[in-house]
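You will see subunit A twice below: alongside subunit B first, and alongside subunit C after that.
Let's look at the complex of A and B:
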């Protein structure tokens, strides 16, 4: 009787081990997909206003283009904020290294503009709503290494479902 | 008929191992070799040996610190270079946000901005660090070096210490 009980327990333990290994494998697969292929992001806030809504859009972003360096002016990207590393912000790339960028310094009060050359290994990012956006105009060009992903598709809200590419004017 | 099956299961096993390995090295810890002498004598103290080439140190890098981005003075960190995102550098954190850093050559004092840190190599003679490119965003940091794991005679913990003669927080 005791022997049979032991056998039962053993098979139960093996089964549990197998199942948890399967779950672990699935989680690893999820992590790799999320880190190297494609990720989901919820964007909110006023900084990208005509393009992305104020109250939260669900977007798909792919991680391959930043990795192989195929990010150019006009792309909407997810960037780790240089001011607070725990936040990821959504902005539009205006210039890559070597480009000269002209920007309005303080659009609310004056239309004085300034021109700078983006340094090597950096990108210049701005929000579409220049009146209410914390971007390169405030903290300067950001290193390319902070670039996380390139947004390519909007999922929610349903009426805006579709690709999200270059600037819609 | 049988060999195809064996190949298939072998490929599946490799795939699984790769998946798990990649996850662990991304989220928990990984081992990287140290090149160059910018962190000597902490890493690679002796580059010119009898044979002309030496064994590079391998170090253990933990990634748990990336959840909160909390670092302390003297931590040795791995980060991607601000001027070339493909290049990884290993340096020591000298200043955290809000600190005032004095640069030894020019006599001005720089404030480290919010969300940035000041990094320097232990070997101040040959090191590309914040003295040349300024403070770096904390978001570039990739992990914290905790141990030396190779070569065997140098296995041990990497201590968190500040170089002498540098002032940091006021």
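Let's look at the complex of A and C:
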């Protein structure tokens, strides 16, 4: 009687171990996908209006393009902020290294525009809503190494489900 | 990074936890992604964190002139131990903290 209980417990333990291995494998798969392939991001804030909503959009961003250097002007990207390393911001790439970028310095107060050549290894990013966006006009060109991912699809809100535009409106 | 690291190559171990939890301080040797070549990772020593006032010799080969700079928010100032032959913050400016690898 005691021996049968032991056998039951043993098979139960083996089953539990197998299931937890399965869970562990799934979590590993999820982690690798999230880090190297495709990640999910919640974007909020006014800096990318009208492309992205104020109250928050759920977007999919792939991580392969930044690695192979296939990020170009017009792409919406996730970038680690140069002023707060714990924060990842969503902006649009306006110019890559070597490009001559003309930007309006302070659209709220004046029409003055400035031209700058993007240094080697850097990119120039701007929000679509230049009236309310902290971007390269404020903190300068950001090093390419801070690029995290390239946004390609929007999941939420459901009415905006679909690919995210390549061209700025 | 002479004389700390050899010219012909050292194999080092670098841990990735400290940059994530913000425990990198002046004096630490770190691996950073180069701001001019994103595929390259360089090894330098941290000289100052954000808010620190860093005094550095601008061009030790040619003059003794030194300059003082305050490290901007979210950035770090890094220099190689061999300042006579090192491409570091004296050349590129302060590095964003996000470029720290290990």
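Basically, the second predicted complex is superposed on the first by the 168 of 169 C-alpha atoms of A that agree within 3 Å, B and C clash if a C-alpha of one lies under 4 Å from a C-alpha of the other, contacts with A are read in each partner's own complex, and residues count from 1 in each chain.
By definition in this document, contacts are C-beta pairs under 8 Å (C-beta built on N, C-alpha and C of every residue); 3 or more make two chains touch, one makes a residue touch a chain.
None of the values given here were measured: they were computed from a predicted structure.
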Clash or fit: subunit B and subunit C on subunit A? clash
Which partner does A:29 contact after superposing on A: first (subunit B), second (subunit C), both, neither? first
Between subunit B and subunit C, whom does A:144 touch in the aligned arrangement: first, second, both, or neither? both
Check whether A:81 is in contact with subunit B, with subunit C, with both or with neither, and answer first, second, both or neither. both
With both structures fitted on chain A, tell me whether subunit B or subunit C touches more of subunit A's residues. B
I'd like to know which partner A:121 touches here: subunit B for first, subunit C for second, both or neither. both
Between subunit B and subunit C, whom does A:61 touch in the aligned arrangement: first, second, both, or neither? neither
Shared contact residues on subunit A - subunit B and subunit C: 80-85, 119-122, 142-147
Which residues of subunit A touch subunit C once you look at their complex with the stated criterion? 80-85, 119-122, 142-147
Subunit B partner, complex, touching residues on subunit A are 24-25, 27-29, 31-32, 35, 80-86, 119-122, 139, 142-147
What residues of subunit C sit close enough to touch subunit A in their complex? 33-38, 72-75, 95-100
Sites on subunit B touched by subunit A in the complex: 16, 19-20, 22-23, 26-27, 68-69, 79-85, 113-116, 136-141
